[in-house]
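Below you'll find a set of structures to go through.
Next, two complexes with subunit A in common: one pairs it with subunit B, the other with subunit C.
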Partner chain A sequence: MRVVTTLQKIASQQLPFLLSLPAFLLQGYFLLIPLAFIVVISVTSDALGGQWLFTLSQYRDLCSSMHMKVIFNSAVLSCIAGGLSLLIGYPVAYYLAMRAGRMKHALLVFLILPSWTSFIIQVYSWFYLLQKHGLFSSFFYSIGLTSEPLSLLNNYGATVLGMVYCYLPFMVLPLYTVLEKMDKRLLEASADLGANAWQTFTHIVLPLSHSGIRVGLALVMVPAFGEFAIPDLMGGVKDLYVGHMIMEKFLVFRDWHSGAAVVMLSFMIPIVCVGLWYLMSKSVRYVQGEE
Partner chain B sequence: MNKNIRFEGITKYRDGEPVLQKLNLEIRSGEFFVLLGPSGCGKTTLLRILAGLESADAGRLFLGDADITHVPIHKRKIHTVFQQYALFPHMSVSENVAYSLRVRGIANNEIDDRVAHALRTVRLGAFGKKSVTQLSGGQQQRVALARALVCEPEVLLLDEPLAALDRELKEQMLMELVDLQQKLRTTFVYVTHDQFEALTVADTMGIMNRHGNIEQLGSAESIYEFPHSRFVADFVGRTNIFDGKLRVTREAYYIDVDDLGSFVLNVTPEITWLLSGMQLFLSIRPEKIDISLQKMEGFSNELMGRVISMIYYGRSTEYKVLLANGQSIMVFEQNEHHFPKKSIELGDDVYLYFQKENTVLLRH
Partner chain C sequence: MQQLAGSRFGRYLNPLFVLGVYLFLYLPIVVLVVFSFNDGDFAGGWKGFSLRWYYEMADSHEILGALKASLIVASSATILSLVCGTCAVIATKWLRLGRWLNIFYANVLVPDIVLGIGLLCVFSVMGFPLGYKSLIIGHTVVGLGFVIPIVGARFHQIDPILTEASLDLGATQWQTMRRVVLPLLMPGLMASGLLVFTLSLDDFVISFFCSGTHIETLSVYVFNQVKNMIDPRINALSTCMLLISSACVMCLAYLNVLDQVVHSE
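Let's turn to the complex of A and B:
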């Protein structure tokens, strides 16, 4: 009898852990173990006789100007995608959380709906919209804006458009969550104390939504850094990105060691950036803006 | 300068239902005004219209001679202490208090002085650098007060400000509010559903009924002692109501209560609406009734009944006495002696006495 109750007690105490165990195991097996392999592969080289030797030469090679250019391209694209998603996503999230009223759930579903389809299908849809004789170019031609049907694909603008389109929900959702949970009485208090709408936004809403901005930027910029499908399909392989480099190293050159080093890099740079930013925003207290 | 607040015909609908209908009210400048009413009666709506958080569907609002009906909230010199304080969680105590000065673009050194002064006024002088989330309920309350008062508003609104505090702290804060108001002479408009808070602080009270009308306006004493209606008599303090018919004879006025008998009334000249045979109510407060095991002399009205419940509060005892007509009434007795000669027990038959001067006649 006592054994049973003791077991029950242990079971009830450990239940959350037991329930989350499958997730831990999956993550461990499919993420952590492969990741460990990548780490090991990235710091070793094939020596004669099949022996793996420790080396940092792959990382040293990454410092070459060609590689740096690719990393720079990815970083710029990631920043543009993050910045634009924030600028476009913030008003959307604000409207949904503060003004949409009963419509907000329906509107939220519309926002997320495209991301329920495959990523590649979304990109291809844009492909058909933007190509020569596609919807947009035909429209521009028919209203006389262009003298002949032009392809709107294969340029940097198309890349940015595709990136922002695909990643926007990942910016809007965390912003929406934080704005929705915000105590609206604080906004009333701010107005009551004499602040106009803009002051209330900059002094109260913006600082209190920092966490949402941070999560949104991380969710957009980290995958955007490694993205290559969108620049490839919509930007027409004009610039090379980290994603290309990984594919090339593994599939073209069959050089797993330098490929793994690029993976590590594309993985570490955003993490380090987000981490640094998090520490900074934690230590620097919000300083009130001027009138 | 006259800075009276005047509501003229204020009407407000919510979801098609009227919350306030053609409400007229004048609040004198520099007084501690309490708007008392049951939950959901529209008193908070009236306060929010005054603050500028909501706009009325009809009617006008004046502050002094200025029509402020359409003045936007941030341009009104009317600040609010909110029910849950609504302190800005990302700012320190000082930054919270400084907010209204900062958004008005006042110079930093002046802000510092005024914030320090405001914090001293609410006895939080040493708390400036603390985060508001570290403070206790009472301290947060004081920060909210300092924040609303720092730029010297013409009116301070308090929306059930003490609802979240325990009783002891509440009593202490009420005293501090009265002191503060007497020192500053700012018009305070305080909204509450708690008659204890209202009676403690009010210079003038307005009693709002469930339909959003001001049922009675007056000092705390006048409202408690001379309620105009059953609603006011019941809502402010506790009372016993007898429902009866007026009988006028040459000598006196009486009210006849079915199955119970008649009571002599005290009719003052200002009560002009009395007609013999009219149906009306008699209100007698529980503390104005004497309870005794023996017959006594010298009272205008007498009743008999049986004690059906007793609650001993220490300084007083509350008796519930069942009368001949099946109605039960409340009686409060002060416990003035250590050893009363003979104490009343549950189930005792008792005599109840009250003077006609202590009764109030109510039409509705």
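Let's turn to the complex of A and C:
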């Protein structure tokens, strides 16, 4: 009898620990170990039969002109996608947060609705419009803009279009969050003090939404840097991107060590950029505060 | 504000621009859905309404197989991440170790491609065969990143007076958990469950790396199928998936949790 109660006591004491175990085990085995593994194999080579030796040669190889070109392509695409979605997303977030009134929630739901289906399907839906004999090219042909129906797919513009289409909601959401929380009395105060709409925007709204812009750019540019499905489907195979390079190294060449270096790079470059920007904006504010 | 609304930009340009963006977002989807009901393939233009492609979709073993795989993976990952996540939230709060839950934010922050590649490497090193199990594990790990913050936030909102009252009135801890805490957590559980289910159903990158050669989920099937080619059966399939995810979003909006998710970012 005493044994049973002791057992029960132990069980009830250990129960919370046991309950939390599955989630933490999953986290450890299938998130932390994979991440650590990528870091480790990116700085080792297995040249000597099974023994892994520390080396930075994979990173050195990344500096070759071929790799640099791919990295440059991805960086440019990621910047264009980030910049365009900011330009398009800001007015939308502004309208939703400041002027939509009761329609706000409905509009927000309809904004994110498309991004809740697989982005493969979102990209596929553009095929109907852009393809040869698709709606757009037929339209351009019928109004005489082009002499024959052209395919509007497989070019850089199509890639950019696909990226902006898929990533736009990720830009609008953080901007909306910041703009919605903003104290609207500041705008009235600014107007009362004689600022015009543009001055209010550049001096009040824009500086106060800085954190939203930063989060939005990070949410768009980090995944855009490693993206491979959208350029693959919309842009044809003319330009190679970091995402392609990762996929090829792992699935085709089975060269894990240099693949892992590319993965690290695709992860670190955007994070370092965001971090630098954060530090810079902080120091700018510090200097301004000093004045 | 007065002046902002009064300027020409404020009055006309901004709403018009927003209208344009919504057209941009919905035009391709509407065309996709409309042409799934077209009697004829795309090259012939519009030939009249029919459900032909839906019947052909239902006859295709590949599509049904992919649908089955996706549903199995999504529902298993949802259940697993809900059970593990809720247990972890309750247990860590009980032990007053709640801050350890913060490590689960990493699951959302790590890009899919990094996690997918990492899992692929670890599975191969461990000799773990790629298939349903690896897919479910991958999706569960991502799911935990949504379940734990949402359920954790909900748990935080529970008034301690309620649980104390329950214990005072003679309920055991287990009864308090089941009869008081769990019902109060329900909205969070529903919301995160729906979220994980939709995300898993739509996931491409992790499925692409973890599915191996035998199994194709819907997204992977569509990716392999549509490289520059239009297949009206895919339209029918996409329409069905759009319906499922729209239903989930509407449920989430109804549960009023989208706001919470947005603000927790």
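Definition applied: the second predicted complex is superposed on the first by the 254 of 291 C-alpha atoms of A that agree within 3 Å, B and C clash if a C-alpha of one lies under 4 Å from a C-alpha of the other, contacts with A are read in each partner's own complex, and residues count from 1 in each chain.
Heads up, the rule we're going with is that a residue touches a chain if its C-beta (ideal position, glycine included) is under 8 Å from a C-beta of that chain, and two chains touch if they have at least 3 such contacts.
Here the structure is a predicted model, which means the values were calculated and not measured.
A.B. asks: Go through the superposed model and pick first if A:75 touches only subunit B, second if only subunit C, both, or neither.
C.D. replies: neither
A.B. asks: Tell me which partner A:188 touches in the superposition: subunit B (first), subunit C (second), both or neither.
C.D. replies: both
A.B. asks: Contact-wise, after the overlay, does A:196 reach subunit B, subunit C, both or neither (first, second, both, neither)?
C.D. replies: Touch status of A:196: both partners.
A.B. asks: Looking at A:208 after the superposition, I want to know if it touches subunit B, subunit C, both of them or none. Which is it: first, second, both, neither?
C.D. replies: A:208 contacts subunit B only, not subunit C.
A.B. asks: If you stack the two complexes on chain A, which partner ends up touching A:173: first (subunit B), second (subunit C), both, or neither?
C.D. replies: second
A.B. asks: Looking at the overlay, what does A:94 touch: subunit B (first), subunit C (second), both, or neither?
C.D. replies: Second partner only, subunit C.
A.B. asks: Which one hits more subunit A residues, subunit B or subunit C?
C.D. replies: Of subunit B and subunit C, C contacts more residues of subunit A.
A.B. asks: If we overlay the two complexes on their shared chain A, which of subunit B and subunit C does A:221 touch? Say first, second, both or neither.
C.D. replies: Once the two structures are laid over each other on A, A:221 reaches no partner at all.
A.B. asks: State whether A:113 touches subunit B only (first), subunit C only (second), both chains, or neither.
C.D. replies: second
A.B. asks: Which residues would you name on subunit A as touching subunit B in one complex and subunit C in the other?
C.D. replies: 188, 191, 196
A.B. asks: Using the touch definition up top, name the residues of subunit B that touch subunit A in the complex.
C.D. replies: 51-53, 73-75, 78-80, 82, 84, 86-91, 95, 99-100, 102-105, 147-148, 151
A.B. asks: Hey, which residues of subunit C end up touching subunit A in the complex?
C.D. replies: Residues 1-7, 9-10, 14-15, 17-18, 21-22, 24-29, 31-32, 35, 42-43, 83-85, 87-88, 90-92, 94-95, 100, 103-104, 106-107, 110-115, 117-122, 125, 137-138, 140-141, 144, 148, 173, 198, 201-205, 209, 218-219, 222-223, 226-228, 230, 234, 238, 241-242, 245-246, 248-250, 253, 258-259, 262-263, 265 of subunit C touch subunit A in their complex.
A.B. asks: For subunit A, which residues are in contact with subunit B within the complex?
C.D. replies: Where subunit A meets subunit B, its residues are 183, 185-186, 188-196, 199, 203-204, 207-208, 286, 288, 291.
A.B. asks: Could you pull out which subunit A residues touch subunit C in their complex?
C.D. replies: 12, 15-20, 22-24, 26-27, 29-31, 33-35, 37-38, 41, 88, 91-92, 94-96, 98-99, 105, 107-114, 116-122, 124-129, 131, 133, 135, 153-154, 165, 168, 173-174, 176-177, 184, 187-188, 191, 196-197, 200-201, 215, 222-223, 226, 228-229, 232-233, 236, 243, 246, 250, 256, 259-260, 263, 266-267
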